[in-house]
Every structure is written in structure tokens, then in C-alpha cells.
Amino acid sequence: MKALVAIKRVADHTVTVRIKSDNSNVDLSDTKMVINPYCEIALEEAIQQKESGAISEVVAVSVGENLCQEQLRAALALGADRAIHIETEGNPEPLIIAKLLAKVVEAERPQLIITGKQSVDSDNNQTGQMLAALLGMGQGTFASKIVIEGNTALVTREVDGGQQTVSLTLPAVVTADLTLNKPRYASLPNVMKAKRKPIERLQAEALGVDVSSRTRVIRTETLGRQRVGVKVTSVDDLVNKLKNEARVI
Amino acid sequence: MAILIIAEHDNSGLNEATLHAIGAGTKISNDVHLLIAGDGCAAVVEQAVALDGVTKILVAEAEIYADPLAENMANLVASIGNKYTHIVASSTAFSKNFLPRVSALLDVSLISEVVDIEAEDIFLKPIYSGSATATIQSRDPIKVITVRATAFEALKGNGGGAVVESLTALDDMSVSKVVGNHFVPSLRPPLPSARVVIAGGRGVGSVENFLLLESLGDKLGAAIGATRAAVDAGFVENDLQIGQTGKVVAPDLYIAVGISGAIQHTSGIKDSKTIVAINSDPDAPIFQTSDYVLVADFSEVLPELIQKIQL
Amino acid sequence: MREVLEFDVVIVGGGPAGLSAACRLMQMGEDKRALTVCVIEKGAEIGAHALSGAVMESRALDELFPDWREKGAPLNTQVSQDETFWLKSEHSAWRVPHTFLPNGVRNQGNYLVSQGKLCRWLAEQAERLGVEIFTGFTAKELLFNETNVISGVVTGDMGLNTKGKPKPGYMPGIELRGKYTLFAEGSRGHLGKQLIEHYELARNADAQHYSLGLKELWEIDPKLHQQGLAIHNFGWPLNGQSNGGGFLYFTEDSQVAVGLVVDLDYRNAYLSPFDEFQRMKHHSTIARFLQGGRRISYGARTLTKGGYHSLPKLIFPGGLLIGCEAGLLNIAKLKGIHTAMKSGMLAAESIYIEVSGGCKGGQELVSYSENLRQSWVYDELYSARNFSAAIHKFGYCVGGIFNVIDQNVFRGKLPLMIRNNQEDHAQLMPIAQCDAIEYPKPDNILSFDKASSIYMSNVYHDADQPCHLHLSDSAIPLASNLADYGEPALRYCPAAVYNIVEEKNERRFVIEAQNCIHCKTCDIKDPAKNITWVPPEGGGGPVYSKM
């Protein structure tokens, strides 16, 4: 059984985000980039399923510019068997990414498709679900546990107020939540071997997908996170400000 | 220009979040339709009919919508979606699950976690865990969005007069089924996704004093957290630890009690929307990284706060 | 049994010295026999732990890559104007005319650079030439073979908990073996320290001396920005409590690098380098540029400044010391990047000749020492040899005058050897004998506290790992350091790692290892020599992006 894992290149979440001076977008120059943490968890899951025998091959795929091959190499170092890079300009919207991934699914025919539940840059939480819809497949989102039994996957999902378990007919799409597993370290020898492995490269246009965006970012801003430490004088004052100024209660 | 709101409910009433979504919807259009799908949801329909601002209620009653799977919900919404200029839901686990499918089926993009609607095609949303925002313009013919409930007023009021229309249920997509649910309503929300977090530091002083924080947490339906110092001092268990080490939180409201503000803690809370610090030391570093500061002995002010604060 | 990975050459440290050595090794092998070379770097990426002012001479880069301009090396701002101020007090300053300055601080023709950006560019060149670079891995231990020869390093284990026990996902370190190992860990490298002790490399050298450099990057009002301006200052606030001085460099994109270098041979136990730096920014010569601006980065790192008199022997069987690990900073010029790079290149040349000739490695590479002695690196260090000691012995005025005469008139050839053989940590006086220093509170506009500062270094360590700051005697901080010196760790650490906490009338010495920005000050300045810095789990530490 083959597993396809979609991974995304994002800025490391421990590094403070900077905005370009013209507010057009986030400034990612000289920024440390990593595999999106949830995607890493998705990849770890696929590798663990392979180690337990449920899956025989793990294929990592990423959509983006050339540099995302760095993350594909990291995925190979962690244990993916193959890597596919779908080359696009810039960062396409989730729907376009889903359409491109759908093309790869049609070609690769994996039984299990795993993505991270969301990426820590856009925080969208959409791509996995969109992919499932385009493919007419079932989905198990925010997964904290996956058990593969024959051609079914039992997925425990983290939902508001508790957990839900769904049974999915494979092939299906699962999105990984934080508690699914803790990703492993890549060993130095594996990092080295990964550098020599080939990465299959596909052009978005050649896949027959219209990659033009329907949305555009007009403006990006930091919240000017200079928290001012307004001194409140009493409990009444505090409650009042929280209600009417901060609007959080 | 009719817009569609997707309701979330438990058969006895509408989820609070939906009222906020309707509130958001009324900023876009006067012609607001509400979709209620379920099995035995008459009470919800009744409540909805009485609401201000809703012009039509679409009801889909069928067994397959009892504990609706994303696949089935999405197919239902997509089947009527192209009659609308906007499809709106509150950003909850329920709608995050199926609304992206709706978008994909309608071949339009989805804008998630909207906190402000600048125009019918311009939306503001947080990115990078809330440390920045993006203003996005969409030229899709149907704008599908989820909204952060706390950013919009809930629609209340008893105007009423909505028309009720029945929808035919669609077939089960049959690629998945719910095997079980395990709801734990009495436990606190998990820290990473909690909307309100109350956290205590070494300054809280004892296990007993932490009970005060728990009471405040009860009142606000909040998660309880702690600094490493408090955990090391034995006041609370390790799994409440917030910070680089423990958990990263991004609540709307974070109340720090008796916390001095060491970096390894503050980095775990930096994406909170509003930070309140209560500490008797006027020079506590956490005051530099808070929005509101109350210099006081927490044991004196917390009881009063518990009494006066409401969600 | 650990896994083994073998290379011809193993290079510990992805800074200017290590990367230059790597590039040069591959250049030597082009069209001939190529060696296998790896660079191992503990930071999460190249440049993550790189921090320097910096004004750079392009001399070594010109030799390593004569076409560096075409290749896009990040030397984008040339110094167009040099200014030096003697800050006489908090409110006054005197602009020092150029004639009164030692040659070394005249910088026309030099470049204002970010060491991090430079390293990333060097790494790109290295990888293109075929070097394997591994980031996020530490060199934890030395690897000796049976005949006391260095045969490589052991990388650090990953996934140990606070008690040192394996967690799920535990990954043991491997043996990284090389015919030769280059140690390029920068100032006060922990393996370098062990090598110097093991092979008695410093037997004939003076004690090594260090400074702590603190730096911030600011985005300032474009109207106030003057790209290419390099300002140095001395005097206030250090006021002779310590030698050192500040800098303000105007680089690209309306950014400035502002910093203070504090010599660590200071005596006053009340001195806090961090607070000196913060209050320095309030002086009008600096504040006038920073006002309305925004701090975007903070970091700190020690410099090795003993120079010529403190140079240890740089070679031992199977290994070599290069860069700041060896102590090649030219203190008279305040520059060390070019000497670090050149030493890496010379080491590479020696190694290549040996190894490509079929030798099995493990020798003491005398040719490296010799070539270094014949090179301009040695000339520079020799002519700068008295600079720092003169100031240490005679103070700024007399020492300064001496330096101007020595450097400008005699070009460092005055037949004098002014030595300073006292170790930095031993200079600290008991606190009872020190005058208290009152530091002002930060105003959060120009000056800040440690907590918010470390936040700007993007420092991160997994908390569940063994503490990487080892106390030989855990009782010393409270038992003697506190009483005798006021526990100076609370003051000299620029990252608030060390704290004394009072709880129920009991005092505890708390080490917040997660804050550590890998500067090495504690390893140097603890009066009891009680603290040993070892690398925490690989990938942790600060993430400097343009420092």
C-alpha cells in the first residue's frame, strides 16, 4: 500500500515574522525555513505505518518554488522513499495546491493520502479537505490516531469537546493533528544519503491545472505588537476594558 | 444578493458560534439564509425563525445529517451553493471539516478565520498564529468564508418572520462513517486551542491558591496553564506547562497570575490576542509584554474578578 | 557501537574559517583528486549562530574567490565615512580627529557586512564545490585513536531527557572520522578548550583574553540613515571599568548595527555588560540615529582577543585550530573575519597536499603553522601584539597614545613586548571592594530588559534535555560566588540564564539553560572557573538571521 504525504515549506515558527516595508507581504528573506510542523507529523505517521507493515512505500510531494526541494530532501532523510516536486511560481492558494496534488494522486494511486491539518504560515486548514473533495474521497481531519485495517482506515479525530472516530474506505485523505505523534530526528548518515536521491520534478502547467489565483493579498501587517501595558486600577476597570476595548469577553 | 450561513447545532438550539456567524453575515447582506441540517432539529428551526436578520431558513431533515459527516454536509451545501454570493460559517471544528470541501466542489477558494469584513470581497484574517494579518481580496463568484466568532457581534433579537423551506436530503456519499464519539464536556478545553487561558506562576505560592485560578477558569470556560516555575515548585502537573517547553497558546484572552515573565514563558503566549497580568510586583517584566496590567495581590482581586467577569 | 561516517577532512564549525577551509579544499581538488569534506554546524542553519559587528577587509575573500563580486558575495556597503567619538560622559562627547587614531580603525575601502549573510554565501559556494554541510548537528566529543591522534569527532546524541535518559525517538550520535579535523568553533570553542588542555597547546603562550560583544540590529528612520557610515566610540559608559568600546554601522535597507564590546578582564563585580550596552544607546551620539527606529534583532558572542602573545600551538596529531578558535583576531583593527578565512585557506592547502599525496592523515601539520607564520595574518598579529595589553596596563590615554605611535609611526615594529598574562576570570575583585554601579531602568524605547532582548534572538531549546551548563561544584554559586562576588553570573550573562531565587526563606541557584545564546561568557568569566559550557542538543540556540 502506498502513502502520499504532502509537505509544505514554511518559515520556522520560533522565528519572529517580519513584514516587508511596503506591507505587501511577509518578508522571508534570510529566514530559516523548515517543513511545516503538521506536515512533519503527517510524514512521521506514514513512516511509522510503513515500519509496522501497513504501508509499503512513502512518497513525499511538495508544491512550490525550487527551494522547497530542501524540505523534500529533509523528508527523504526522515524516511520517505521518493520525493516529487511540483514546480510553481510563488505560493499558490490551497485550492490550486489541491488540484495539483489531485493530479499526482491520479498518477501515483496511493491508498492513503496524509497532509498536515494546517500550515503555520497561512493557518488555513483547507488543503487536505479540498483534495478529498476533488478526488471524491472520504476524509479524516485533525487525526490523533490512525489504524489501517485492510482497505479501511479508522481515524480518531480531535473535535471541539472531545474526539470522534470515523471509518474511511481507502483510498482516503487524512490530515494530521498535533497529538498524532512526535516526529523523529533525521540522522546524519540519512541526511547525507538523501542528498543523492533523485527528486522527480513536474511543472504545474504540464499537469493541466490552471494556476491563476482568485485571491490576492492586498496588505499584510503585524499587529504592532507593542503591548502597552495599560494600568488598570481596579477589577471593574479591568472587566470594563476587556469587554469594551479589547472585546474578548 | 443572498448569502448562506451554515448552522451548527445540537438539536436543542443553535451553537453560540452560529449566532456570531449570522452577525457577520448581516454585515454583507440583508438577505441572509440559514441552513440547518439535522435529524430531529425542529427546536433549532423554531429558535432560528425568531431571529432578527434571517430571511429564510433551509431545513434538511434526514438520518444522514444526524451526526453529519463532512462528505455529506459538503455535498448538501454545494448542491445549493451556487445560488449565493457568499457562504459563511463560524470557524469551528465542525465547519473547518466540511467547508473546504464545499469550496472545492464549487471551484472557489475559501478564506478562513476572517476577523473583519472590509467589503463584500475584502476580508481580514490572521496569519502566522496571529502575529500578523493579511487583507485578502477575492474575485471568486461565490465567496466562501469562515469567521472567528469573537470578532463579530452575535445576532440576537426577536424579529422573526423568516420563511422556512425544506431541502431534499442527498444520498450518503458512503465513503466514510462515524464509528464513535467520545465527548468529555466537563474537562477544560485543551490549552493549545483554548479561547481563554488562566495561568499561574511561582507567585501563586501554593497548590491551594491555584484553586482560585481554577474557579476563575470555571467561570470563563478557560483552560488552566502554568509556568515552568510553578510546575517545578509542585503547584501543578507538568501538562499544564506553557512556554517554549510546554504548550504554545494563542487564546483571545490570557490572564497571567503571579507570573514574573521570563522569556521562556512569554514566548509561549506571544500570539495571544489580549494579555492581562496580575502581579503584586510593579516591576515584573511581564508587564512589558501585557496589554493590561493590574498591580495587586491576586488573592485579593481574583475573588472579585470571578464575581464580576462574564464571557 | 556508534555508526561511523568517514571523510577525508572533517570541519567543526560553519563560520568564516570553517567554510573558507572547505571551499579551499575543494578548489585545490578541482581537476585533480577531489577530497571528501564535511562541515558540521550546531546551529539550525548556517549563520544561525553567526554574530559580528562587522567591518570586514576583503583581503582573504579576494584570494579565495577573486570573482566574488560576480558571484554575488554580500559585501554591499563600503565604508564611506569613519567617525570616532570619545564619550566623556553621559551627555558629552569629543569627536576624535583622524590623526589621533591608530591606523587600524580607519576603514575606508572596507565593507560593512553581516557575518551570517557572508557565511550563507560561503556555504552556497562550498556546496556547489561539493562540500557536505550538516546543520543542526553538534560535535560533542573528541575522537582519539589508540595512539593519541585526533581521528574526528563524535556528534551529539539527540532525544535525551533532563536526566540524560533516552526518550522515544532517541538518536545516538555517530563517529565522524577524518584524516584531519579542523576545529573552527569560534571563540572559546568547547572542543578547542579540551584540545588546548590535552595537548598542552598553550604551554608557551600568555593567558588568552576575551571580550563580550553585544549587538542589536535596528531599522531606523530613512531620513537619519547614512549608508556607509561607521562610528566607533569609547569612554562612557565603561569609563575604564572595562576596556572596550561601541560601534554603530550603517548598512543596507535603512538598518544599523549597534553594539558594545566589553573586555572580560574587568575587575568590578557589579559590571553588567548587557546593561552597559543598553545605557550606551542613550548617549546622544547614538540615540540621535535610533530615535523613531525599531529594534529587530539582538545577540551576543565572545571575541578572542589575546592575539599574538596568547596564540597557542595550532597543530596536534590529526588536527588543527583555525579562526577565532585559534585566536587570530587582529585587535588593533578590530577585525577577525579576514584572518579567520585566511587561516582556513592555509590549513586547507596544507591538508590537501598531505592527503592527496596518499598520506593516511593523523600527522602534526607543521606546514600549516609555518605557512601561517609566513603569511600576512602573522604580520598583522605581530604588529598588533601590544595594542590591547598597552591599554590594559596603561589605560586609554597613555595606552591609546602608545598605540597611535606604535601603529601609525612605527607600524607595530617598536621592539617592545607588553604582556598581560593574567586570566580574565582571575581579575574579578571581591564585591566588598567594588564600587556599586547603578544601572538605569530600560525605557523600552532605546533600552530594554534581558527577557525581551533574548526574545529577539529567536532562541529556542527543547526544555526536556540535559542542562548543558555544567557546574563542577554545584555548591559554589551560593556558597562562595554569592558572598564573595555577588554571584557575577547574574550580571555577566547577557541572556539571563543564571538566577538566584528566594522561596520560603530558601535560596536556589537556577539555571534557565533554554535562554542560552551560546556566547561562552560564563565559561570564561566565572571567578571560580566553575562553569563549563557544552553544546546542547543540535539545532538549538539562537537563530540570528542577519547578524
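A, B and C are the chain letters, set down in written order, and residue numbers restart from 1 in every chain.
By definition in this document, contacts are C-beta pairs under 8 Å (C-beta built on N, C-alpha and C of every residue); 3 or more make two chains touch, one makes a residue touch a chain.
On a predicted model such as this, the values are computed, not experimentally measured, just so you know.
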item	value
Chains linked by the largest number of contacting C-beta pairs	A-B
Centre-most chain [mean C-alpha coordinates]	A
Cα-centroid distance, subunit B relative to subunit C, in whole angstrom	48
Subunit A-subunit B separation of Cα centroids, rounded to whole Å	21
Length of the line joining the C-alpha centres of subunit A and subunit C, rounded to whole Å	38
Sites on subunit B at which at least two other chains make contact	244, 267, 270, 288-289
Set of subunit A residues in contact with two or more other chains	14, 16
Two or more partner chains touched - positions in subunit C	455, 460
Residues of subunit A defined as touching subunit C within the complex	12, 14-16, 18, 21, 30-32, 182-185, 187-189, 191-192, 195
Touching residues (chain side subunit B, partner subunit C) in the complex	202, 228-229, 233, 243-246, 261-264, 266-267, 270, 283, 285, 288-289
Touching residues (chain side subunit B, partner subunit A) in the complex	69-71, 74, 92-94, 96-105, 107-113, 122, 126-140, 150, 173-185, 190, 192, 196, 220, 244, 252-253, 267, 270, 273-277, 287-295, 301, 304-305, 308-311
Footprint of subunit B on subunit A - complex, ascending	11, 13-14, 16-17, 19, 26, 93-95, 98, 120-134, 136-142, 154, 158-169, 172, 178, 214-223, 225, 227-232, 235-236, 238-239, 241-242, 246-249
Of all residues in subunit C, those that touch subunit B in their complex	441, 444, 449-452, 454-455, 459-464, 496, 501, 503, 512, 514-515
